[in-house]
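One chain, subunit A, links the two complexes that follow: it is found with subunit B in the first and with subunit C in the second.
What follows is the complex of A and B.
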C-alpha cells in the first residue's frame, strides 16, 4: 500500500515531478560524464607513463633507490632473471635496460640527457618508443641512436646526423662515443620527446664499461590492478640483492596527481549531491505542506507516524531512483557519444608535458558507478527525512484544522 | 457505555492568550446511539469530538473508551486505538485522492492487517451498502461530493469500529444530498447498531439525531433525548 501510494503521489503533480527528475538526471549525467572523462584522463596519464618506459614493475639492485648510479647494478645480466620472470604467467613482457646520465652534443649544441641502453626487440614489448618513430627507424645496427623530436630540434639533428655522447663510466673516467641518428621519436611524452637517448644495450654497456651488467629490468604485466601481487611473487622468486618496485612506488608524484584529480572530482560530486539534496528536500516540503490535511486525516484514522514517515521517504527514494537511472543512462549515452574523445589541443597543447593526451577520452568501469549511486540514494533518503518527520510528527487535530 | 468524558477542560494557548474551548464537560455515550453535538461556531463541539476521538488530549479531566483511560496512552497507542476502535468522517479531505473508492475503503483495513481477500470482499460489500456498487474503481475526483462522503462512511464502518465520529459531514453538501447521507447513516445505525456521534450546526443532522447535546461557550447547555430521530 505504501509503495502504491508513494508511486501515485509522485504523479499528482507531473510537472513538479518532471522538474525534479530533470534536475536529478542532469546533475547525475554531468557527474557520470565528468567521472568518465576524469577516469579517462587519469588512466591515460598512467598508461602514458607506463608505456613511455616506466612499465608496471621494475627490478633493480639493492640500494638503487637511494643511489641510482651505475655502481648499483644487476651484474648477472638478464639470464638469471629470465627463468624467474618466465615462470610467472602474469608477466606479459620484460626488457633489460642500462640507464645513466650524460651529455649529447651536435655541431651546434649540447644537452644533458638520460642515456638508455636497450634490447631493441624486448624494448618493443615494454614501451612505445619503438612504435613512436616519426622519422627513420628504431634501433637496428650498432653505433646508432634514437632520440625525441624536441631534443633533435634543440641539437639541430636529423636522420644520419653524427652526435657525440660523453659521460662518466663505471670507473669514474670520462668516456665518449659518436653515434648516428637512426630514428626520431614523436610521442606525447616529455621524456621520450625531449629527455632520452636510446642506444643498443651492447653499445651502452661498452660506453660505460659495464660488461654484462644492467641497471634494471622493466616488466609489463597482464593486469595493472594486480601489480602488488605480482611484485610479491617476483620478490620471493628472485635471489637476494635485488629490489622489486611497482610503478606507484617508482612514481609517487604520478600517484599523487591521480589522487588529486580524484579528490577534486569527489568535491564536485559532493557539491552536486548537496544541491540535489536541497532540491529534493524543498520539493518534498512543498508536497507535504500541500497535503497537510490529507496526512492529518490519515493519522486520524490510525496510520502510525512511522508509516507516514516511511511513505514520504519512499516517495523521495522513488523519485531519486528514477532520476539516478535516467541520469546514469544519459551519462552513458554521453560517454558513448564522446567515445572518440574531446580534442583540446587547440588550447591545451602543453598538456603532454604532464603526460596528458590532448584528446580526452572518457573511460568507464561498472564498479565506478556503485559509489555515486549509493551516495545518491543515501542523499535522497537523508534529504527526505526532515519533510518526512514534519509530516509524521504533526498532530492530527492540528493538521485537520489547517486551511 | 462506549465512551465518556469526565469533567473535561481544554485550554488553547496562542501567543500568550488562553482560550478555554471546553470547560468541565461530562458526557457519556452508549452503544447504538445516534447523537449530535450541536452549537454555534466556537461552542467547543469540534474540540469535544477531537478529544473523544483521541485526536487531541484534554488540559484536565478524563476520557475513557470502553473503560480505557485515554490520557494514560502514548501517541502511538492512541493511534492504534483509533485504528481499531474508531471510524471518522470529516467535513472535507476525507479520501486519499490517489486511491480508488475501493482502495480508500480498504485503507484502514490494510492498516489493521486484514488479509487482502477479506479486505476486498468487505470493501465491495460496504460500498454496495452505501449505494456505490459499480463505482469501486473511481477516484475521488471522479465522484460527486455526496459520493465521496458515502465512500468515507463506507471506510469508517468497514473497519468495524466501536464508534463513528463525524465532524460536520454534511457541511459541503446540498440539502438533498445531505438528507440521503443522513438516511444512510441512520439505516446503518438501525440495522447494524453502528454508534454515531456528530459534530454539527446543520439543522438536518440535529433533526435526524435521536439525542442532541448542545454546547455553548465550552459547556453543555442542554442534553435532549428524542423518542426517535426524524429525517
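What follows is the complex of A and C.
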C-alpha cells in the first residue's frame, strides 16, 4: 500500500521525476565509466609489471629482501625444485633466474645495468621478454646477449655488436666477458627497454662464478587472485632456507596504488551524490508542498506520522534506486563499448616511464559496485530527511486549511 | 530596474526554500571545483618542481646528440665561452655544470651499477636539491684537496652496498678515452630522495674529481639551468637559443624539461583529464538540479504566465525573465561559493601538508613527495565560475523556451 502510493506519487509529475532520474543516471554512469577506466589503467600497470618479469610468485633464498646480492642464492640445483614445482597443479609455468648488477660497455659508452641470466625456453613462459624481440632473435647460442632498444641505442649497439659486461663475481673479484648482441627488445616497459641485459643462465653462472646456483625462481600461476594460497602450498613443500613471496609482497607500491584508488573512488562518488542530494531534496520538498492538503487529509483519516514519513522516504529511495540502476546500466554499456580500449599513444606515448600502457582499457570488479550502492542509499535517506520531516510534522487541521 | 529584472528577482525569492537548495547545490559544486583544481595545480607544479630539481633543471645545455646517447662522447667544451653565454641570459635563476656518467660502485663483495654525477657543490645547491637532501653525513666538499675523493650516495644505494660514512668504496667505470677507470672514494654522506629509483641509482662526486676520474679535461656533459618558474621555461629556452646562436651553438643542443621528461608531462595531462571528467560529471548533475528548479517554477506559474502574456508582455520578454531568474539563482550561488572558497585557498596557497597511509606510498610510484599542496592561479576561479554560468544558461534554455511559447488562452485554461 505504502509502496504503491510512493510509486504513484513519483509519476504524478513525470517531467520532474524524469529530470531527476536523468541527473542521477548521467552522474552515476559517468562515475562508473571513469572509475572503470582508472581501474583499467591500474590493472594494466600491474599486468605490465607482472609480465615484464615480476611474475606472480618468486622464490629466493632467505635474506634476499634485505640484500639482493649474488651471495643470497638458491643452491638446491634444478631437480628438487622442478619436482616440487611441477607437483603443484596451480603453478602454470616457472623459470630460474640469476640476478646481478654490472656495467655493460661498447666501444662508444658504458652503462650500469641489471644482468639477468635466464633459461631461454622457460623464461619465454613467464615474461614477455622473449616475445618482445624487435630485431634479431632471443637467446639460444652461447655467449650471446639480448638487451632493450633504448639501451642498445645508447651503446650504439646493433645485432652482432660485441659488448663487454664487467661485474663483481661471487667471490668479489672484478670479472669481465665479451658477448655478441643476439636480439633487441622493444616492449614499452622501462625495465625491459632500458635497464636489463639478458644472458643465458649458463653464461651468467660462469661469469659470476655461481656454479649451479641461481638467484630466484619466478612462477606464473593459473589465477592471480589466488596467489596467497599457492604461496602457502609452495612454502610448505619447499626446503627451509628459501622464502616464497607474491607479487604483492615484492612490489607493495602497486598494492598501495590500488588501495588509494579505492579511497579515491569513495570520495568521487560521495561528491557526485552530495550534488545529487540537493536536487533530490528539492524535488521531494516541492512534491510535499504541493500535496500539503492531501497529506493533511491522509493524516485526518488516520494515517500515522510514521507512515507519512515512511512514504516520503520510500519515494526518495525509489527515485535514487531507479536512477542508480539506470546509471549503472548506462555505465556498463559504456564500459562494453570501450572494451577495446582508448588509444592515447598518439599524444601520450611516453607513459611507459611510469608503467602505464598507452591503450586505456576499462575494467570492473563486482566490489566496485559497493561504493555507489551504499552512498546512493545514504543519499536517498539524507535527501528525504527534511521533506519527510516537513510532511510528518504537519498538523492535519492546519494542512487542510491551507489553499 | 526594468520590469523583467524586477519580476525575475521576486520570482527567485518566491519560494525561498527551493531557491536555498538550488543555491546550496551551486555553492557546493563551485567550492569543490575550485578546491579540486587548486589541489591538482598545486600537485602538478610540485611534481614538475621536484622533477626538475632532481634532474637537469628546466633547460639543459649539452653536446649535440647527448640526450640520445647519454655518454661522455658528446660534451660541452668548458673553456669559459658557454659560461659567458649563459651569464648573458636574463631569465636564468641558477645554473650548474655537470659531468654525468655511469660506474659500478662496489664495497667488499657487493656492487651496484649507478649513475655518477660530478657537480660543483655551491652551484648545484642553487639548481637541484641534492645538497639539501643529505640525511646523514655531509655533501662533498667545495674545495677538495689534491688526492681527496669524496662521494655522496643515494640512501638505498648505500644500504644495498652496506656502506657507512667513512667507508672506502670502489668506483669502476669507463673513461672518456674508453680505458678502464677505477679509484677508491670515501663515503661522506647519503641522500634521502623522494624518488626510490634515484635513491638506488645516484652517486655524487665533485666536478673536478669526476673530470679527473673520467679523464675528461676541460669538458663537461651538461649545464643544468633553472628558470624562475616552470612557466618561464619556454621563454628561457628561447633566450638561450639566441644567446647560443653561432658557431658555439652548432656544437650544442638545448632541451627543456618537457622534452627531457615527456612521461611526466603526459602523466600530468592524463591526471588533469581524469579530474576534469569528474568535475564535468559533478557540474552536469548540478545543472540538472538548476533545470528542475526553474522548470518547476515555470510549471506552477502556468496560469500566471498566461495572464502576463494576455496583458501584452512579449514572449521574448518572458524568455528574458526566465533567463534572468536562472542567472540570478546561479549568480547568488556563485557569489557565496567564491566567498567560501577563495579566502581559505588564498591562505592555503603554497602550504604543504604531509600525506599519510596508502596515499603517501602510492605517490612514491610516481617519484613524488607525499605532500598535499594547494595553488591558486587566477584562471582557476574564473574558469570554474564561467563553466557554471554556461551550465546554468544551458539549463535555463528549456524552461525559458517553454515559458515564452506558452499560448495565453491555453495557459489561462490549464489548472
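Quick note on the criterion: the second predicted complex is superposed on the first by the 395 of 403 C-alpha atoms of A that agree within 3 Å, B and C clash if a C-alpha of one lies under 4 Å from a C-alpha of the other, contacts with A are read in each partner's own complex, and residues count from 1 in each chain.
Just so it is clear, a contact is a pair of C-beta atoms (placed from the backbone, for glycine too) under 8 Å apart; a residue touches a chain by one contact, two chains touch by 3 or more.
This is a predicted model, so every value here is computed, not measured.
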Open item on the list: With the two structures overlaid on subunit A, would subunit B and subunit C clash, or do they fit side by side?
Closed with: fit
- [ ] In degrees, to the nearest 10, note the angle that opens at the C-alpha centre of subunit A toward the centres of subunit B and subunit C.
- [x] 90
Task: Partner touching more residues of subunit A, whether subunit B or subunit C - done: C
TODO: Determine, under the contact definition given at the top, whether A:397 touches first (subunit B), second (subunit C), both, or neither.
DONE: first
TODO: Would you check which partner chain A:253 touches, where first means subunit B only, second means subunit C only, and both and neither mean what they say?
DONE: second
TODO: Examine A:305 and indicate which partner it touches, taking first as subunit B and second as subunit C; both and neither are also allowed.
DONE: first
Open item on the list: In the superposition on the shared chain, how near does any CA atom of subunit B get to one of subunit C? Answer in angstrom.
Closed with: 10
Task: subunit A residues touching subunit C - in the complex, by the definition given at the top - done: 13, 15-16, 19-20, 22-24, 26-27, 30-31, 34, 37-38, 67-71, 101-103, 105, 107-114, 153-154, 156, 166-168, 170-172, 174, 252-254, 256-257, 259-260, 263, 268, 271-272, 274-276, 278-279, 281-283, 285-286, 290, 344, 347-356
Open item on the list: With touch defined as at the start, can you tell me which subunit C residues reach subunit A in the complex?
Closed with: 17-18, 21-22, 24-25, 28-29, 32, 68-73, 101-104, 106, 108-115, 160, 162, 172-174, 178, 180, 201, 261-264, 266-267, 269-270, 274, 277-278, 280-282, 284-286, 288-289, 291-293, 295-296, 299-300, 358-359, 361-362, 364-366
Task: Contact set on subunit B toward subunit A in their complex - done: 50, 53, 55-56, 75-76, 79-80, 82-84, 86-88, 90, 92-94, 96-99, 103, 107-108, 110-112, 155
Task: Complex contacts: residues of subunit A adjacent to subunit B - done: 1, 4-5, 8-9, 12, 293-294, 296-305, 307, 395-397, 400
